[in-house]
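Heads up, the next two complexes both have subunit A, just with different partners, subunit B and then subunit C.
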Partner chain A sequence: MTRWAAIVSATLLVALWISLVAGPGDVSHGDVASVLLGREVTALQRALVWDLRLPRSLLAVCVGASLGLAGALTQGLFRNPLAEPGVLGVSAGAAMAGAVGLAIGLDAAGPWAIPGAACLGAIGVLLVLMAWARTDARTSTLILCGVALASVCGAVTTLVLSVGIERWEVGMKVVRWLMGSFDGRTWPHLAIGASALALGAALAAWVRQDLDALQLGSDTAVSLGVDLRHTWRVGITTVGLLAGLCTALTGVIGFVGLVVPHIARAFVGTGHARLLPASALLGGTLLLLVDVATRTIAFIALPPGVITSLLGTPVFLVVLARMRTEIT
Partner chain B sequence: MTRAGLLLLACLAAGCPRPAAEPPAAARIASVTIDSDATLWALGEDVRGQVVAVSALVDDARYSPIVDTWPASIPRVSGSSETLIALRPTVAFVAEWSDPNGRALLERSDIDVVVLSGFGGFDDYRARVRTIAERAGAPERGRALVAEFDEALDQVTSSAGAGLSVVSYASGNVAAADTTFADEAAAAGLTNLPSTKGMKGHVQVGIEQLVAWAPDVLVVPCEDDCAKTERDFATKPGIAATPAAQHDRIIAIEPALLFATGPRMLDVTAALVRRLREADP
Partner chain C sequence: MTLAARAITLEIGGRVLVEGLDLSVSPGAVTVVVGPNGAGKSTLLRALCGLLPLEHGQVTLRGTPLSSVAPRARARAIAYLPQQTPAAPGLTVRDAVLLGRLPHRSRLAGPSADDHARVGTSLERVGMAAFTERRLDSLSGGERQRVMLARMLATEADVMVLDEPTAALDVRHALDLLETLRALAREGRAVVLALHDLPLADAFADQVVCLDARGTTRVGPPCKVLSPDTVQAVFGAPFDRDDDGVLRLQLPDGAAVTSG
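On to the complex of A and B.
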């Protein structure tokens, strides 16, 4: 774990430095160092590095870490390697609530309004799933239930968009938000993302041992003294908080929550005391790398969700194929 | 051969008197774009009398330059082919981004579908006016409208923005070459930065790129309070460091004007010139 964590941490730091240097504008390594050390630079260089790139990159790390953590938590709670906020419809629920909020002008109420709505949407979907799990806890059924919920949420989002077409600006606002982006995200956004990650990490740490016991089966977990209801409540709230706020801040970014815990598990094992921080670390690094790629490869501002989905889909199919092999 | 047959042959050989040519039936015109709504209105009384439908957004002040101009008795239509066909138009003006299946349906109903394309600047406007006027049977009036436009353009054209670069930034997109803004800016003497980078159309660009370009003038759309929009935009992280923000050259323009495709394009040029003179008399 230590060596693996050191490698990932080093990658994260290198990626962070690249993210500060790379991009449009005349900014050298020395300029970045000068900005960080508070030395004299031009107003434009300071704006590019301090006002735009640094908060954006740190937010990418926070969102990636939150999604990785949410994915590991969801897979632990549902005891299913295919579970993640996106697959279970949690992200779609957050997107739906956010889109509805934008369409009715909730964003004018303050910077927390849309993130708050998205959180409620995410938690709403998770509550339905939780209620379903009480009567039928088969993982395949839960995933199908999640797919159905995602479909409903997607339909409502499309409805909002179709109504939004009549009001071009609203439609554009919703579409741009749904596409997801780190562009223009600054310190206040980072404050929200970092707060959510800190709170989510603390809540996840609270139930990490319960999640380990849960992997042995619900009955065994109960016999080991786990309060299942408490674990579910804390876990679901944490996932809703993390996925909802991430979606609200940067739009739907799929597959990070699915892929990252699988990679982390291969290095640190299945124990949640190590898996949760490892997933957060790896998620943060991965999404920062994706953001650097979207900023430097293409001239236009590519949504990070496009890259994560392009990378994540093959991994998802590999996991599915492995599961099929294990079953047969 | 019967007597009638012989009579017909004789008639053909001698040259039968032909019935007098009927005057062409007046067209029944359906307009499904705001641009054609405005142009048809400007073409005058005769053309207006042929219009059987105008677009649903014609009275929406956010987009239309001719709110409450068309009589309420003229039906407002959106993109629904069924509604359009029911009005039995002979000519329909639709935009290039309209549903191709819907257009095919109109054509199968013997409607002359005129697809209006190219909303990219002054030349496109002139071409559209000529096309609409011709199909509405008023080519002379169309030419007169274009002449009026050119005359107004001469009046607003200025060198007020000479030596200054400009970017129009709306909903994350910049207006590059082949957009109305490119022509509007050029008429104000400004250099449209995205055009100089080889970009065309409305291109999505990140805030970071926008800041790195360091434009001298920034044009943004405003919803209600344009002065507040300018103040807010000037203090946005990153933007505050641009020459545009530092020299009070962030110019907010209402969307109906900024995205206009008709004669109101010249109002944008006029607004730019006015603001540039205010900022640097």
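On to the complex of A and C.
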């Protein structure tokens, strides 16, 4: 674990440094160091590094860490290796709630209104899934339920968009919201993302022992002193908070929550005391690498969710193929 | 007595499984629950562990209603092994047994040196110390069951409740497990388990709880509860006892089977 964490942390720091240097504008390694150390630099260099790139990169780390954490939590809660906010329609629920909020002008109520609506949308989907999983916890049923919920959420979002076509400004707001991006994200966005991650990490730490016990089934977990209702309440709220705010900040970013815990589990085992922080660390590193790659390689500004879906879908299918014998 | 049920009635979907059962489970004794499929053995065991809310009657732990005992305190007193444990891919034997120490830790604390020591002694007790670093999903059914027993031992509970722990085991492993359970009872624990095999239940039980399909329960020593007449009435199978009092299944050709 220690060596693995050191390698991932080092990768994160290198990627963070590259993210501050790479991109348009005349910024050298020395300039970045000067900005970070508070030395004399030009206003443009300071603006590029301190006001634009640093908060954007740190936000990518926060969102990736949140999604990794949310994925590990969801898989632990549902005791299902394919459970993930994106796959289960939780992110779609957040996107739908945000889109509806924008369409009815909820954004005028304050900066927290749309992120709050997104969290409620995510929690709503999770509650339906939870009710379903209580009666039938099979993997296939859960995934199909997630697909159905994502479909419903997608239909409502499309409905909002079709109405939005008549009202150009609203339509554009909704489209921008759905696509998501790290572009233009600055310190206030980072403050929201970091707060969500800190709160989510604290809540996840609170239920980590319960998730460990759940590996042996819910009856055994209860016999070990786990209060399942409490665990579900805290877990669902945490995943809803993380997935909802991530969607609000950067749009729907799928598969990070699915892929990252699988990789982390291979290195640190199944115990959540290690798995949760490892998933957060790896998720943050992965999404920052995706952001650096899209900024330096892509010719157009790609929403991060596009890249993670392109990379994540094959991994999802590989996991699905490995599980083929278990799924009923 | 450690655990007691007073006039409990258990129903599922309007069907009465157990009606007005009184049962006392004492330290040092092995109590075996028998009954045909669907008679309510698992439901009764779950009720005794406090995993099932009771509408009629109550279960007490050292005189205190189980429903008012805090979950972790209850977990320290009663260890439970369900009929089936999920595969838990990737979970190691050490981590599985460490889960038995959860009721002894605060929410944010990691395992202590004492917890690790208990895991070691528990695995040694069931003869699985050499498997500590193995993955649970790489073990045979018998090995897994012994690891689960070590997990129960690690909780240091006075009451151990096991739902058909020998169901997936061959005769040798089943006997080993039952011998271990009887030894644990003799050390002062109360052991309650469900069994399908009537001769084994007859041989290992100090007390038998026999459920039938109509909600009637019989409680007492095996020689009384598992009389050939009762067994015939409850299970619809012909049993008799030989000259030594050993319970045997009578086959149609006149042969007798003592365990299977």
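One rule holds for everything that comes next: the second predicted complex is superposed on the first by the 324 of 328 C-alpha atoms of A that agree within 3 Å, B and C clash if a C-alpha of one lies under 4 Å from a C-alpha of the other, contacts with A are read in each partner's own complex, and residues count from 1 in each chain.
Simple rule for what comes next: a residue touches a chain if its C-beta (ideal position, glycine included) is under 8 Å from a C-beta of that chain, and two chains touch if they have at least 3 such contacts.
Computed from a predicted structure; not experimentally measured.
*Asks:* For the three-chain model obtained by superposing on subunit A, do subunit B and subunit C clash or fit?
*Replies:* Verdict on subunit A: subunit B and subunit C fit.
*Asks:* Once the structures are superposed on A, label A:Q209 by its partner contacts, choosing first (subunit B), second (subunit C), both or neither.
*Replies:* second
*Asks:* Let me test your reading of the model: by the given contact rule, A:R295 touches which partner, first (subunit B), second (subunit C), both or neither?
*Replies:* Touch partner of A:R295: subunit B, not subunit C.
*Asks:* Contacts for A:W112 in the overlay, against subunit B (first) and subunit C (second): which applies, first, second, both or neither?
*Replies:* In the superposition, A:W112 touches no partner, neither subunit B nor subunit C.
*Asks:* Treating the CA centre of subunit A as the corner point, state the angle out to subunit B and subunit C, nearest 10°.
*Replies:* That angle rounds to 150 degrees.
*Asks:* With both complexes overlaid on chain A, does A:L48 touch subunit B (first), subunit C (second), both or neither?
*Replies:* In the superposition, A:L48 touches subunit B alone.
*Asks:* By the touch definition at the top of the document, which applies to A:T220: first (subunit B), second (subunit C), both, or neither?
*Replies:* second
*Asks:* Determine, under the contact definition given at the top, whether A:W187 touches first (subunit B), second (subunit C), both, or neither.
*Replies:* first
*Asks:* With the two structures laid over each other on chain A, which partner does A:R79 touch: subunit B (first), subunit C (second), both, or neither?
*Replies:* second
*Asks:* Can you work out, in whole Å, how close the C-alpha atoms of subunit B and subunit C get once everything is superposed?
*Replies:* 40
*Asks:* Of the residues on subunit A, which ones does subunit B touch that subunit C also touches?
*Replies:* Residues common to the subunit A contacts of subunit C and of subunit B do not exist here, since the sets are disjoint.
*Asks:* Within their complex, state which residues of subunit C touch subunit A.
*Replies:* For this pair, the touching residues of subunit C are 46, 49, 51, 71-76, 78-82, 84-92, 95-96, 99-100, 102-103, 105, 107-108, 110, 151, 155.
*Asks:* Looking at the complex, which residues from subunit A come into contact with subunit C?
*Replies:* 79, 81, 205-206, 209, 212-213, 215-217, 219-220, 222-227, 265, 269-271, 273, 326
*Asks:* Mind pulling up the subunit A residues that touch subunit B in the complex?
*Replies:* Subunit A reaches subunit B through residues 23-26, 43-44, 46-48, 51-53, 55-56, 167-169, 172-173, 176, 181, 183-184, 186-187, 295, 300-301.
*Asks:* Subunit A touches which residues of subunit B in the complex?
*Replies:* For this pair, the touching residues of subunit B are 62-63, 171-172, 203-209, 211-214, 221, 223, 236-242, 246, 255.
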